[in-house]
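In the two assemblies presented below, chain A is common to both, partnered first by chain B and then by chain C.
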Partner chain A sequence: MSATATTRKPGIGHSLSSWANQHRKWVLAAPAMAFVALMIVFPVGWTLYLSVTDASGSVRAESDFVGLQNYLTVLSDTERFWPAVGRTVFFTVGALSIEMVLGMAIALLLWRPFRGEKWVRVAILLPLVATPVAVGMMWRLIFEPNIGFANQLLKWMGLPAQPWLSGQDTALPTLMFVDIWQWTPMVVLILLAGLTSLSDEPEEAAHVDGANAWQRFWYITFPLVMPTFITAILLRGIDAIKTFDILYATKGKGGGSFHEVETLNVYAYGLSFDYNRYGLSSTVLILFFLMIIGCIWILTLRKKRSSL
Partner chain B sequence: MTTTTAPAVAAEVTAPKPLKRRKRGGGYKLFRVTMLVLVVITFVAPIIWMLLASFKTNVDIYNPAAAFNFTPTLGNYETVFGQANYTQYIFNSFWIGLCSTVLSLILGLPAAYSMSRFVMKKSAALVLLARVIPGVSLLVPWYFIFSNMRMVGGYEVLILSHMFVSLPLIVYIMMSFFDSLPIELEEQAQVDGLTPIGAFMRIVLPLSVPGIATASILSFIFSWNNFMFALVLSGSRTKTLPVAIFDFVAYASIDWGGLMAAAVVVTVPIMVIALFTQKYIVSGLTAGATKG
Partner chain C sequence: MKHQSMFKAVGVTAAAVLAMGALASCTSVSAGEGSDTVRVTLANHVWTDIIKDRISEFEKDTGLTVELTQLGEDQLSDQYNVKLNAGTDEIDVMMYRPLQEGKLFAQNGYLADISDRVTANSDWNWDDFQSGPVGATTWEGSVVGVPTITEQEVLYYRTDLLEAAGLDVPATLDDLENAAKVISEDNPGVAGFVARTARSAAVTQFSSFLYSFGGDFIKNGKSVIDSPEAKAAYEYYGGLLNNYGPENVSTDMSWPEAAAIFAQGNAAFYTDASSLYKNLTEAENSTVSDSVGFAPFPAGPAGSKPYNVPSWALGINEASPNQDNAWKFIEWATSPEMTLDIQEAGVPGARDSVWADPAGTASFPPALAEAVAIGSETGVGYDRPLVISVAEAREIVGAPIVEAITGGDVDSVIADAHEKFQAFLDGENK
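Right, the complex of A and B next:
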């Protein structure tokens, strides 16, 4: 911006600068807002439009307006759509609740200072920054039924081998485990930030009153850290429901040959780019988007109530 | 145990507290250390396993007896950098991450500042909406538009699409950073004769270097790790590393050693960055989370 360089010179530069300064609220925000409008709002509008057309095949092909036909097709599809909704809910709720419980436990473990704290923090940061596709491949080797470490571990413990990722019933829980491995650290970091910002006094008062460790956590610390806890659910939940990378990287198109890990995101991606049925996939995406917004709305209501 | 905190505790006057604290002494400490070791092993062991496998021949990978007892080989890395051409993909990932981060900073910093100082709740919500939208729903229209402009497969499209992730992230992190910066400094600068925008450029930005570092590192990592956008929008020349790994298994039987070496090539640079910038990454990931 040339505004600062020309402040001392009278003339056109000066008036431009003073105009920019007077309207700085929008001058500063406009470029980013324009980008968001062009790259996000407009595409979402286009998706809405595609969802009422029969667009498919080539991107240059003509498409016709079909009204709510796609919505009827999708909502009555009990073969792919509703099972995908079920898997999305199962994956998100399952992984998220275990991540929250484990995250809270590990955060409490790390809360009070100890020697070697820095190294433990580095260790929990590593899964978090690792590339999800690479993480998927790493676990694919570990869970390989014949040569993987997981089955070897079971053998040492005298337990029967599992098919893990290649089993129709075990694939999704295995991927939930991978998600939990990678993202529990995120929950730990957020909750730890929340715990560290708490004052010591309420807990110490409870201490003096003779409350035991569990009572101090359940009646004092947990309610105090609740707003952060709900923020963590929100942040992690939004990402968990959209999980794509590890599912697609380990099971490929359609979420495996029986669609065993096909969540809504994988289904919508497949409809778009593996089968080129853009109209139908846009409908799935709009419904998916509404579902996410609904969840966020419920959680923020909950959060407002708890922080009162 | 109380040994490390003893001086601080002893310095305080209240009697009951040190007594109670001593109660959770030995047993609790042992439990805590055990659990901490368990946590570290759980998170680090799979990564070490991947590292080990990347130095093994496929024969050793198939042999349980050679889990730790094997002759290391660089053969897998020769495959990855030789016939698999990973040097090109490393450059692609790096270049796309760098450009999308720099461009997002240029757009995002003034916007975050304005949204923080003028409390533009609705505009901020619009930018943050980008974190909520499923990426696929943007990919379809982008693919329509950019294939009609014959831009699919170019760096420009990839940089633009990765900005969809980095711009909201930067705005989100920098908003909470600017919120914490005292406004008096800017007011003083304006009394001294700077224009408001001048105060932003010369006073606020230099003071925001830690925040900008946090936002840039995270934005680069998110771009580096992004898979879906490049899966659709990249060409064979502009492929990024995650897509290259995915393609590694797309053909015939899996070369596990090569695959693990490829996975190491993608993850290790990011982990090294994380090791040295730990503080920034943590503050960025938890930005705004504790405000309630």
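Right, the complex of A and C next:
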């Protein structure tokens, strides 16, 4: 090897690759960091900034810093904000509870192999693959009070017609029914995955000891599948709390003439796209964001405890 | 040291992202200043369908290429909200609703001033446009849009039901109520009257009732929706639907739902925009296409005062670098010849000369043409509160309509709506 070759300065390509080698963890994480910065940190930061301004009309127009005024306005709004919070909680807790109970029941039925199992699984999963807006439009036609199939069915059964989506008190429960129809299959899928990974031995042992079916489920299967159950609550709960498509497709802007299905999502959308009040809308979204984070935190704590 | 490395990594990533952005921006350079491509955004409407079929003529005459985006009304509004807010230059020509978004868009500087352009070509003749629609596309003395479609509220009725009941076509609102009562009692399952019921959507159709009762939304900058005339109008409109409307009346109906009830033969009377008549008179849309009658809006205590408004207009995006070619498109789409052709196909325009031309009204059912002509004379030039944030105002003034339809406590809701509307107006006038 010649002396000149050993003393030659390394090329730029070599320095770059050596630098990349030394800082491998940053280089490899960079695309993910850039994605998080662009898609999460920036939008949330921008929304946070808008929430302390009086931005309205156009976001490019000049706006003044108003401190926490928007938060005070929103938190003291008993006409739209708090009812929307109530509806969001009612919709999420109501739909989620029924979906979890139904989902568990169906998953238990599908757990053991039976004839025609494949066909039943496909049929159960069908609502899951339908587009939410199409689902909304379909149910809107079914629940139409004058010409819809639902009232026609009631008529054949000799029962009085119902207002369904048109009624102030019946609209939200009707939409909860649609949500349950569409999303219970997802819960079934998750719980079925959890159930199939369980060992048969504990349950067989309980069977030998004389435990009945309910006791075996409540004291053996359910505690064992609990981490999966909480994961399902977490995934479906976050999704349910953010529901927008079926509400908007069936009731339009404002969640109906009496705001009867106006959840926080629909309210924030209306403030932004209908009223062009970007400051107030951002405030509602930040509060909503905090609410979701709070729910996730509680559920994660619960999951950790159940895994211990 | 660790921080330094992190900054370097972030720097490299940022450079990569910027490079990608630069590459992406290269793709849109072709539609910049003086580009041969005009990007036009239009709403779903019969007018748009006619224009779309003839765009090749424009392209042949001018050598330009039209890139058309067509969206539903709500999607169009949302698109404008997002894109124009971001200062997009990707839209050259925009179809917009002068009474709904005109003030907001003009105030935000989204619409280019076309005052000089409209007067430059005497053959195109800006003076030919009706003054009401022109007023709605003018902002602080500057023209910002060219009206394309106009509409008035008219009364649609079922000729067979009226004949069977031995009733005349209602000329007054009292006659209308009486006829709705008689027909709904004689024909179980058929509503006497149907109209829009959704809080915001109903406001425009309710406006003709309000004006005909002698009321208004705003007077001298103050809310007057609690005046005795306005109260009577709210009670009348809501009462008509509550007493003689469809069974299980929904409070979510806009025009497609209300028109469908009439078109399926489930209602005797229907009040809505004149431009919707084909939904009722064409056999593929309507089971009662042979028995639809048209009448001028019935007179109330203050006479017959339907709205007479420009529902759509064309404007140029202020941020567009291709405004000259955008104007060429507007000039072509709103020329006297094109307006006549479109009106002959059943879409009412805003040019006086076309209305004066017998060919311009030949395609309309004669009774509808007459109703529109009367409405144009006696009509009011707006169908919703003339404010900047129209959507919010409509929600406020629409609350008593829904309350009246459901038979609730209208007085207290009017008092509440009046207070809110005044606060809203004070906020806008700050």
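As a working rule, the second predicted complex is superposed on the first by the 281 of 308 C-alpha atoms of A that agree within 3 Å, B and C clash if a C-alpha of one lies under 4 Å from a C-alpha of the other, contacts with A are read in each partner's own complex, and residues count from 1 in each chain.
Convention: a contact is a pair of C-beta atoms (placed from the backbone, for glycine too) under 8 Å apart; a residue touches a chain by one contact, two chains touch by 3 or more.
Because the structure is a prediction, the values reported are computed rather than measured.
Q: Now for A:Met176: first (chain B), second (chain C), both, or neither, which partner does it touch?
A: In the superposition, A:Met176 contacts neither chain B nor chain C.
Q: Kindly classify A:Leu287 by the partners it touches after superposition: chain B alone (first), chain C alone (second), both, or neither?
A: So A:Leu287 meets neither chain B nor chain C here.
Q: Tell me which partner A:Ile190 touches in the superposition: chain B (first), chain C (second), both or neither.
A: First partner only.
Q: So, does A:Asn276 touch the first partner chain B, the second partner chain C, both, or neither?
A: Second partner only, chain C.
Q: Of the partners chain B and chain C, which touch A:Leu50 in the superposed model: first, second, both, neither?
A: first
Q: Between chain B and chain C, point out the one touching more chain A residues.
A: Of chain B and chain C, B contacts more residues of chain A.
Q: So, A:Ala150: does it touch chain B (first), chain C (second), both, or neither?
A: Neither partner.
Q: A:Pro31 contacts which: chain B (first), chain C (second), both, neither?
A: In the superposed model, A:Pro31 contacts both chain B and chain C.
Q: Which partner does A:Ala107 contact after superposing on A: first (chain B), second (chain C), both, neither?
A: In the superposition, A:Ala107 contacts neither chain B nor chain C.
Q: In the overlaid three-chain picture, which partner chain does A:Ala240 touch, first (chain B) or second (chain C), both, or neither?
A: Neither partner.
Q: Do chain B and chain C land on any of the same chain A residues, and which?
A: After superposing on chain A, chain A residues 26-27, 29, 31, 33, 59-60, 144, 147, 272-273 contact both chain B and chain C.
Q: In the complex, go through chain A and note every residue touching chain C.
A: For this pair, the touching residues of chain A are 19, 22-23, 26-27, 29-31, 33-34, 38, 57-61, 144-147, 151, 161, 163, 165-166, 168, 251-254, 256-258, 272-276.
Q: Which residues, counting only chain C, touch chain A once they are in their complex?
A: Those residues of chain C that touch chain A are 5-6, 8-10, 12-14, 16-17, 74, 77-78, 81, 84-87, 104, 107-110, 197-200, 246-252, 254, 261, 264, 266, 388-389, 391-392, 395, 398, 402, 406.
Q: Quick one: which bits of chain B touch chain A in the complex? Just the residue numbers, please.
A: Touch list, chain B to chain A: 4, 16-17, 20, 24, 32, 35-36, 39-40, 42-44, 46-47, 49-50, 53, 61-62, 64, 67, 106-108, 110-111, 113-115, 118, 120, 123, 126-127, 129-144, 147-148, 160, 163-164, 167, 171, 194-198, 200-202, 221, 224-225, 227-228, 231-232, 241-242, 245-246, 248-249, 256, 259-260, 262-264, 266-267, 270-271, 273-275, 278, 281-282, 285-286, 289-290, 292.
Q: Spell out the part of chain A that touches chain B in their complex, as residue ranges.
A: Going through chain A, the ones touching chain B are 1, 3-4, 7, 17-18, 20-21, 24-29, 31-33, 35-36, 39-44, 46-47, 50, 59-60, 106, 109-110, 113-115, 118-135, 137-139, 141-142, 144, 147, 149, 152, 181, 185-186, 189-190, 192-194, 197, 204, 207-208, 213, 227-228, 231-232, 235, 238, 242, 244-245, 248-249, 265, 268-269, 272-273, 278, 281-282, 285-286, 288-289, 292-293, 296, 307.
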